[in-house]
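Order of writing sets the labels: A, B, C, D and E. Residues in every chain begin at 1.
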Amino acid sequence: MVDGGRGDGREDLELRSSRYELGVTGVGNGKVEGSVRLTSGRTEVAVEVKGPEASLASVVVKPTANRDRVSVNVKSVVSPVSGQSGEREQALEESIIKFVAGVLDPSCPPRTTITVVAQILSEDGSLLACLLNATALALMEAGIPLYGTPVSVAVAVAHSEPSPPRLCLDPDLAEERTSQLVGTYSYLFSSVDSSESAIEEMKANIVHVSTLGNSNAQTALHALTVAEKAARLVLRTRAC
Amino acid sequence: MQEAEAFKRLYPEEYLDRFLVKDIRPDGRGLRSTREISVHASPLSSAPGSAVVRMGNTTVITSVELGLFDLGEESVAGRLEHELDVGPLGTTHNNGSIARNRQQTSAVSGRVRQILCRSIDLGSLKLSEPGEEASPGGGKAWALHVKSVCLSLDGCLFDATLASAVAALATLRFPRRLEQLGEDAAGEDGGRPEGDGALRFLWVPACTAVALHKGRLLVDPTDFEESLASAVVAVVWGRRADSPGGEEPEVLALELGSEGQRASVDAQLVRRCLGVCGGRGTSQRLAALASLLVEDIDGGEADGMMEA
Amino acid sequence: MEGGRGDGRGPLECRATFLRTGVVGGATGSAYLEVGRSTRMVVSVWGPRQRDRDGEGSSPHEMQLDCHVHLPFARGEAEEAAGSRGTERERTLARQLEQGILPSIQQDRLKKCCVEVQCTILESNGSDFTPAILCTSFALASSNIPLYDLMTSCTLVVVEGRILLDPTAAELARSEDEVSLAYMPSRDQVTFVQACGDWSERSFKECMDNCVDGCKKMRAVMRSFLVELGEGGGRPASHSLDYFQGGGEVCDQGPGAGEDDAGEKAPMSGGDDDEPRREGGGGAARFEESRVSEKLGNLVVADQDLDAELDTLLDV
Amino acid sequence: MATTGEDVWVAGVRGNVRQDGRENSEYRRITIQNGTIEHAQGSALVQIGDTKVLAAASLEIGEPREGRPKSGVVRVTVDCTLCYPVDGTNWRSYDRYGKDLASQVEDLYNGPRGSSKGVLDEENDLCLAEGQSVWCFTIDCVVLSDDGSLLDCLSLACRSCLCDVGIPKFEVLETNEVGPSGPEITIEEDPNQYWQLQCARVPVYVSLGLVETLWVYDLCKNEENHCRSRLTFGVDASGAIKQVVSGASGTCVNYSRNVANIIEAACLAGRKLLSSIDSVDQGKDQHLFHIGK
Amino acid sequence: MVLVAESEVVCPGDKLGRDNEDCVSGANTHVYKGYVIASTLGKLVCEQPSKLDFGLDPGSTTTTTTTTMGEASGKRLPVVSIRAEGSKPGQGEESVGALSIGDEVLCRVKRLNPRYASCDISCKGNSPLIKEFLGIIRVQDVRATEIDKVSILSSFRPGDIVRAEVISLGESQSLLLSTAKDHLGVLHAKSEQGETMVQVSPTEMLCPVTKAREERKIAQ
């Protein structure tokens, strides 16, 4: 990463411009309930959510013994920009499944299946964060009860041995390759009303974190708190 | 004894709570203590590098196969593939899902591959022809096919697989001359090629998982605790290979999955997790793996006894 | 290949065997078997559970045995077409294992149940079938599933005219004749035969006799190991057990150790002693009784002691 | 769990009479027709009772098996999807069943791993140029209907279509450089110059159903369902045993009392079966067998 | 005389004695060709039946191999059975896992429909099974009295723990259970709000928090 400013002139803690359109695809058999096309910088993904539908008999359903456990079966398919879905896509699918299972509200009808179909249109860094944000928006648009408003942010820690590590948000592909640590953090904000002032006191519940790259414990925690502030920022821009 | 088993099957949550109230766990460990890890080098006589790791009831055996491939113009480093097979667990394994769930195993194997690629100096896999100088592009490089098989699972599949893959790579010896690889494949009595070239490690990774159950942190959870946990944090610690005794281990990767509606996980809790699982348990594991690197591989045996 | 075989064993010696039960957590019964440090396998038995809907057993009330064999590190000859060859070899082995083991399970006590056997062969040097049967039999014994008898098995090859027991892969490749047998000693029933070679009626019967005597020997020793396991109060005995104690070459009778050398002799567990071994059922008794067991002599184990490295491989 | 069907079957065997009136040691009508398919080098339609198998052999020059430079190669494929009602999902298990049968018959022809030559090579010279090219037989069998003793019928079909194959004479041109696919070979076109394979040493399967101390030949389908213990012997014309496989899961043979008699019975049946097949001159194609014990 | 000494370890296939002459076959043993043979690994237990009591007290789980009493000629033969090591002494328990008619099981109700309640059988007696079996309690097997006026909704709710008895292995996938006897029925139930309910009358349970009453077929 070029010393001083970043490749595309953004500040360290500046997010890329991101746009999302709802109800875009709805095409095909019309059963799609929620669909989003999210672009963040040059990364673009389209996500469709179907369900909750009756799940097939062969589906292994977790015991419904305790009430507060969500017993919804989540399926997800991620198809890459081109070609076959490889190991990377399967890892993304697994993260989406864990994320959705962690975000749903227990009042969601049990013994049902929610299918998340994601198509990566173009990729330029912080792919998982975009996918999780798009999935969250699609779930909300499909009217599926969520336990709060999920927001995901990607953080990269630059190689800078002497000085304290430089964190930057929403890294693009070049920055991700050269950075020491890349992480995706997703938060669940839940509170009564979403007025301007309330966003500050909202409880940020970490739902999903996956980081790769060496850093000492302090940097990892530092990245965590920075990501939380960024998530609140995204929530405020989305709320108004 | 039978009634306890029936109570555990019918009311798992209450069963675990009864133990946690007294700060011990169903298998007698304290909340902070990790299970004893025993690493055994080169159990398979016919594989260039192999290792078996036992963590409590979780047993993973890994074998490394060598392959040669021609480097393209731009790529300069060797290649590493990892494959995880939980077939032997069968369909009846209590959380039958992992045995049947192809996706979960490939996700675990994908993460292990990522961490292995970061902790091994893939550049050292490139074969420099003895004669001509090492030209940047072209030439041959090693491809490592790491295959792990989980023989018995009692929680922390990722930790055991990573440890066993690292141990297998540590015991790996490259055959000295190229043609020896040819006859090695048809190894006459399956003897391992005696070579001196070992793999260069950048980091020695070891993972410790922490399960969150009603506000309590359980380090190195068993299968039963994992199924009841509302959040699981897997922290991969690493020490630089060249200074094993050195300073604090660094965090190589952090993976956290939590069920939002049942757990409230915040930065403070993650700090507690890092503190808790960075303790003696992990340093024992790192020591066990690091000792394999240093010592020569006549079937050495490293026992990381761990009882906090 | 004059004199002993590659690894110094007599023709009828079996390789030293290391065995441990209770290796897989969560399984009803499990066993780890190692033969001569080059064949290693783990078998786990998942106890009687509900038959799944598509069980193909003839009637829904019958017990279903579900055997799976895994060759994760198949190398050497299975390498080149690992795709098809590996799975085909796994499938035939699973079918053979099921045929061999099923008669030893009391099926009428496990109605509408399915017993699942997972056999993982980590490394194999020599016949796969024999160790698989032994290991499965041990896993079943340690899993409290009701059995009629312990299932034993033996592989016999003829190389350059000499009968060799427990062949290594090299000897198997050079074998002119090859017999594998699964046998229940105290019921004196053969449950599986796989033979390939060129025999006359008489020589085939002799080969079978040799194999059956090998199995009987094995049963006595399997029994002594299980008794140790039983006395160990449930904790699996952690030491290794060499197979087939006793000494002496094939032809001359070994010193002292007679046929029942395996510790105290369990009551009549050998064969149906009270029935003459081969009375003339059906008037076809034209083979004169050639006291084959004398000819077989004592089965001798190569007495290498197994060092600590092996012992801790899978200590519990 | 003896259902009534099984009791009837056991009582029948004890009384030496079976549901279709045959004695324990009686085969069903065996019919062998050679040359049923024109374009194939050798073909045979074999019927044992209602079990029908059509086999066609084709001949080509190919690489010998490594380790056996001089011996011919026999490949067998079996397709039994015709005779079983195939619904959507179970066709895969039927072609797997076909593959199992094929590999078993192929092992019968290849003999043990260590021996240097297969069954066919004991009396016939199938080598054109050692180590480079030998005669390769590919036998494709189609199971038209299955009413028990399928393995016996298959092995009989393969054997008869091998006897039916005419092998042309050949001549190796003495060129010094050897082409990629071996030396130059010209094939004699004139059909009446062909020679036939000697099949005396080629074995055939004889399967026996075992009930207590008795044994039964040639089981039909529902007899096979009742009789859990089955052994299959590969026996050649001289009564030598080439291969033994246990027939079904649940096989239980009482060793000390029965095995000697069973082996002897199988060799006897094999000898009689093959001698009566070979003695019949090729003209008449209808064969009716009755193998007395 | 019994061939194997008391509490000596025997393994499957060992002969223990001639049937009806030396001993009688008890738990975990079977008879083959006139011999009593061990079926599982464990220590031998010889019980001398003190008196010829034929009454089998309902509480104890009857072993599937009927314990045949010695012959009528009063010669009392020892009943030979095998106790698998690790299990409690004296409890000649059949090998866990195989359910047979007459076994009492603990199960959790999964789904209800007007004609039957389908449930997961988790434990046989008090020992858990390796994996859940599927069981069905038909509406006519819920109660012994006026079985045509029984409604499933007033007997069970999903999530209840029920003690039932296997009455038949059933032809399809699941076993047939019955809670007709008094000591069978709901042991533990949670109310709509998830609170453990308290029994207030022979057929009703009360949720302590919401004071809601729910009908159940309660085990007395």
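FYI, a residue touches a chain if its C-beta (ideal position, glycine included) is under 8 Å from a C-beta of that chain, and two chains touch if they have at least 3 such contacts.
Bear in mind the structure is a predicted one, so any value in this text is a computation, not a measurement.
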item: Each chain counted as touching chain B and chain D at once; value: C
item: C-D or B-C - the one linked by more C-beta pairs in contact; value: C-D
item: Chain of greatest Cα-centre distance to chain C; value: A
item: Most remote chain, CA-based centroid, reference being chain B; value: D
item: Between chain E and chain A, distance of the C-alpha-averaged centres to the nearest whole Å; value: 51
item: Euclidean distance of C-alpha centroids - chain B vs chain E, Å; value: 43
item: Separation of chain C from chain E, taking each centre as the mean of its C-alpha atoms, in whole Å; value: 36
item: In chain D, residues with contacts to at least two other chains; value: none
item: Of all residues in chain B, the ones touching two or more other chains; value: 92, 94
item: Residue list for chain A, restricted to those that touch at least two other chains; value: 65-66
item: Residues on chain B engaged by chain E in the complex (per definition of touch); value: 1-3, 5-6, 8-10, 92, 94
item: Of chain B, residues touching chain C in the complex; value: 38, 40, 43-47, 52, 54, 56-59, 61, 63, 65, 85, 87-94, 147, 149, 151-154, 185-186, 189-190, 223, 299, 301, 303
item: Of chain C, residues touching chain E in the complex; value: 28, 46-51, 53, 60-61, 104, 106, 109-113, 141-142, 144-150, 184-187, 219, 222-223, 226-227, 229-231, 233-234, 266-269
item: Residue numbers on chain C that touch chain B, as the complex places them; value: 6, 23-27, 30, 37-38, 40, 42, 44, 46-47, 49, 52, 68, 70, 72-73, 75-76, 79, 116, 118, 120, 122-123, 125, 170, 308-309, 312-315
item: Footprint of chain C on chain D - complex, ascending; value: 1, 96, 99-100, 103, 107, 111-115, 213-214, 225, 231, 239-246, 248-261, 263-265, 267
